[in-house]
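In the two complexes below, chain A is the common chain; its partner is chain B in one and chain C in the other.
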Partner chain A sequence: MNQINIKRTLLLLLLPGSVFLLFFFVLPLIFVFTESFHGSTGELTLLRYTEVLKSKQFHFVYLRTLKIALIVTPLAVLVAYPSAYIITKMTAGKKSVMMSLVILPLMTSPVARTFAWIVILGRFGLINQTLAAVKVTSEPLRLMYTEGAIVAGLLQLFMPIMVLTLVSALENIPEEVEEAALSLGSGKTGTFFRVLVPLSFDGLIMGVTLVFTGCITAYVTPAILGGSKVLTLSTLMRQEALVLMNWEGATVIAVIMIVTTLVLYNTLRLMRPRSL
Partner chain B sequence: MQKKIVFLFIIVMMFSMVPFAFATAEKEVTLEADPMPFKGQTLNLSWWGYGMDLLDKNVVKPFEEKYGVTVVSETGNNSARFTKMVARKGNPVIDVALFAGAWAYKATQEEIIQPYNPSLLTNLDAIMESAKDPLGGQYAIGYTIQHLGLCYRTDKIDPITSWRDLSNDDLKGFLTIPQISTTYGPSIIYMLSKAWSGSFDATDVGWQKLEELSDNLLTAYVRSSELNTLILQEEVYAAPYASFAWGNILASELPIKNVIPEEGLVGSFSVISVAAGTKNEELAHLFIDHMLSYEVQLAEAMDLVDSPVRNDIELPAEIAANLTYGDELISNLNFFDLKEMAAVEAEWLDKWNAIFSK
Partner chain C sequence: MRNNKLFTAILILMFIFLLGPFLVIIIASFGSETIMRFPPKGFAMTWYEKAFAIKMFRTTFLISLKTGLAATFTALVMGIPAAYAMVRHNFPGKSKVELFFSAPAIVPGLVVGFALLRFFIYYTKMPVIMGLYLGHTAILFPYTVRVVSASLRNFDPSVEEAAVSLGSSPLHSFIAVVLPNIRSGVIAAFILAFITSFNNVPISLFLTGPGVSTLPIQMLVYMEYYFDPTIAALSSILIVFTVIIIQSAEKVLGISRYM
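Right after this comes the complex of A and B.
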């Protein structure tokens, strides 16, 4: 009887969140999916997909977006894993300071953050001035409005998310596990790669999915740092929706974005170590 | 006897004037009783909201105080506001809508604006002839005139005298132009066509020149604020600019000059329309008339917000220099067909993306 009551209470607690998600996420998502398979007179058709998928520009923009996401995500993992590991080893006080520092960029507006990059990457920005001062370059390099600028902006934008996810995953690993591995002769590097990484793999999958999805869907950073010469999927989708009023075309791009993310997520799930 | 006849005639005339006297008195009484016939009503406006403090001072507050109404503004760029109005077409909220460029034409196609009633606009006769009905069908009135100018850094590059000069070698990597989807984006193709072929209609030439020019482009800007940043950060040395941004460009205090190139400049109107299906049609017309009034047009010009379309506005030279004003400048403006621009929009956006996706 008690168990039934607990189940009921749990269901009731889940209800507000589930209703919210149902109305503001699941139903709109279903609407987007179904709408993308309907023609102008309401008939079922793949025409919209074939139109978008046939377009050479779409291929180019899709591959560019994928390339950027596939550069940013591993870079974020490489930079965030050691940082997250060191943070988990800190005392409570230091950890709290470090976590605040990690969260700080998330508290500033993406627009302000992105404009700061203009000051850094501009023709007379910090990087070009430094390179000129140490006589590495005689002419300022073109750093703004390039794919490189987007990569830098997205890495800064999503790194805190990767660090937070990994800190949370690494904190759940009991300290004894690491100690046991070390006492059994595994070196620090071996323990990190053979014990800590597999045990924090779920957190890694979550972090990679969030960062990859963020890179695929980010709008402000690619729009400002890439400009109109470096289109990505999100800037292309905006063009379709808000310039051409081609909501159907924008819907297809949105579905392709979602499918791309789902494929990555499930591929990573399959790569999960079997013993876990 | 004659005196009696004259007396009688005067009496008859006096009595015959009585109804008129009462009518006048009645009219005066009505006006006295209701000097604000729209008092307490709300007018919903859809406009950009740029420089809202000045718009409030020059346009909204005087209108609210004069007529006792409340003005509610829905602000945003053309596309966002257009989308909202289309979505609410069945149950319109907006009474007066302001649009620019091809969006105004698209608004007529989507039937979110309706023709105005000239008899309700006392100021219509006072404005430029070309501003009275720029879309045809009396769908909109140009309440301000603007132009796309050309400016360059006098200390960095050779003087610019033609749109052809955008291809000069000293501009490689130091040039920006409005993106094709912006109000003035398509005009670049027309001006390049004119500059290189002598005809606005030879747009193939314009596209070919844009492709050649793409290497010179640092980027293409979407908002005038972006252009300001590019100029301020000394990222670009030349650019076509929207006239309403000139004040901010000058504020950079860099050695920048604007020119009237030999092919001329691009002119356009920002238009104001009665929203289709509005329940406040008379009030909407009253606001449009207010926007065209001498007081509002002068105040907006003096604050460098909008260039006037009224023929009777006289501006001091220092103000006029920053606006689309004066016979020389206005006679050099080229106005392009918004209908044609809307028709080729998708094709031209594809062409643009193809050039920059290489």
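Right after this comes the complex of A and C.
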């Protein structure tokens, strides 16, 4: 094939997807973005931003959302690292079984997955019934509609993502590296922390990025487990738009959500050793 | 070896945390009371009967099914050629195109749904169902490109080159040689994309209107008004279906490789 032919083929292959995304993804986003800088008569203004940024409720919800992400992410790393390590050491068949179990929470309907936590944390749920049976508490504890409930739900959703990224990162480390460290006298613990963790650091940062940004934008988990009592950025945005019909406010929150994710995404990318 | 024992214990605890809730909800769905209690009192199939009897669940299930199939199909039709171009060719600006193609997976779904509502439904007066289909297609596109790319990378290009050098046209060799060889990748992409669409909430949340809603959204609406275990029954059905699909897809295709 000559050069011109290759160019034409490439264009034909890439065009449908690109045009589709331009029209049905980029265009609406640009519309909302420009809309957020316009006042009621169409003049350019930052009024919508100042209004949201002044609001005490917004500050509170924004910080709470970050706090939840800051709790969930390290917990996910702490559990996922050892688990991923054990999984990479398994035989191919066993590993496949483990991986299919790990991805189950990711593939299950988020409503179904989150509803299960109501059965565990509810007034007559597993935890309260157990506490009542062993007579620790006389009154059922309020576990639903708390930040803790949201943390539990998000952890179940994002742990699999962390395990998946860490398994593929650890798999890329040749077996000999670990053996060499061990035979040179580095203990099991030393090898893990001083050899395997640094060598899989790139995967770790990737997992942290996915989990952290995921926590900030997650909707179903805070909607069911936090409700209107414990709002996060995404449930606040939904409330502004669909309950209070405050489109201006919702638009600004949408833009702030994207900016926050992009800033986090790029900051964490700088930490990657082999950043692209 | 002390280290491995501790790590194995963590792995087991993680699985209890990840999968335990599914077991709990399935058991609770057979309770006979109108409140969610665990362990449940009595045994009944009442909530399953109720879940099937509610017309809105049946209607929205069909909308979810149709939207999922249509969006998955469209995303694959655009995603397979795109993946082929990305894997087989090098061109200036390739990494930018790659980023552009993965953007719908990076931008929060809630924002995408909101933007589609503001622009297409309010501004251009597009029917809601159309917006739902387009929004789902947009977020499925990155999945199809990623999964099909992964399977194309495992397919030796020299086989295809041989077909071309023997006189087969590029298009014909793609259909006759490449496509059959990446079949399992395409099927994996189909399954992952369909499940993603069927389960989606953030995009669908804003794209509902009179007579148009998806099953997950309808379940959320129901939960706002009723506290009975109907949703537990419906959730259990969805969980069991997901387990069956994922386990068989793992056995046949090794689907977790593509995640």
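In the analysis below, the second predicted complex is superposed on the first by the 211 of 276 C-alpha atoms of A that agree within 3 Å, B and C clash if a C-alpha of one lies under 4 Å from a C-alpha of the other, contacts with A are read in each partner's own complex, and residues count from 1 in each chain.
Assume a contact is a pair of C-beta atoms (placed from the backbone, for glycine too) under 8 Å apart; a residue touches a chain by one contact, two chains touch by 3 or more.
These numbers were taken from a predicted model, which means no experiment stands behind them.
Trainee: Counting residues of chain A touched by each partner, does chain B or chain C come out ahead?
Mentor: Counting residues of chain A touched by each partner, the higher count goes to C.
Trainee: Between chain B (first) and chain C (second), which, if any, makes contact with A:82: first, second, both or neither?
Mentor: second
Trainee: A:122 contacts which: chain B (first), chain C (second), both, neither?
Mentor: After superposing on A, A:122 lies in contact with both chain B and chain C.
Trainee: Please work out whether A:101 is in contact with chain B alone, chain C alone, both, or neither, and reply first, second, both or neither.
Mentor: After superposition on chain A, A:101 lies in contact with chain C alone.
Trainee: May I ask you to decide whether A:231 touches chain B, chain C, both, or neither, giving the answer as first, second, both or neither?
Mentor: first
Trainee: Is A:70 touching the first partner chain B, the second partner chain C, both, or neither of them?
Mentor: Once the two structures are laid over each other on A, A:70 reaches no partner at all.
Trainee: For A:109, decide between first (touching chain B), second (touching chain C), both and neither.
Mentor: Second partner only, chain C.
Trainee: So, does A:258 touch the first partner chain B, the second partner chain C, both, or neither?
Mentor: A:258 sits against chain C, while chain B stays out of touch.
Trainee: Who does A:239 touch here: chain B (first), chain C (second), both, or neither?
Mentor: first
Trainee: A:60 in the overlay: touching chain B, chain C, both, or neither? Say first, second, both or neither.
Mentor: first
Trainee: Once the two structures are fitted together, what part of chain A is touched by chain B and by chain C alike?
Mentor: 115, 118-119, 122, 124-125, 223, 242
Trainee: Quick one: which bits of chain B touch chain A in the complex? Just the residue numbers, please.
Mentor: Checking each residue of chain B against chain A gives 79-80, 82-83, 86, 106, 173, 179, 181, 214, 217-222, 229, 233-235, 345-346, 349-350, 353-354, 356-357.
Trainee: Taking the touch rule as given, give the residues of chain A at its contact with chain B in the complex, in rising order.
Mentor: 56-57, 60-61, 115, 118-119, 122-125, 142, 144-145, 223, 227-231, 236, 239, 242-246
Trainee: Where on chain C does chain A make contact in their complex?
Mentor: Those in contact with chain A are residues 1-4, 6-8, 10-11, 13-15, 17-19, 21-22, 24-25, 28, 35-39, 77-79, 81-82, 84-85, 89, 91, 95, 97, 100-101, 103-104, 106-112, 114-116, 118-120, 123, 134-135, 137-138, 141, 145, 170, 195, 198-199, 201-202, 205-206, 216, 219-220, 223, 231-232, 234-236, 238-239, 242-243, 245-247, 250, 254-256, 259.
Trainee: Applying the document's contact rule, which stretches of chain A touch chain C when the two form their complex?
Mentor: Going through chain A, the ones touching chain C are 1, 6, 9-10, 12-14, 16-18, 20-21, 24-25, 27-29, 31-32, 35, 79-80, 82-83, 85-87, 89, 96-97, 99-113, 115-120, 122, 124-126, 129, 155-156, 159-160, 163-164, 188-189, 192, 217, 219-220, 223-224, 234, 237-238, 241-242, 247, 250-251, 254, 257-258, 261, 265, 276.
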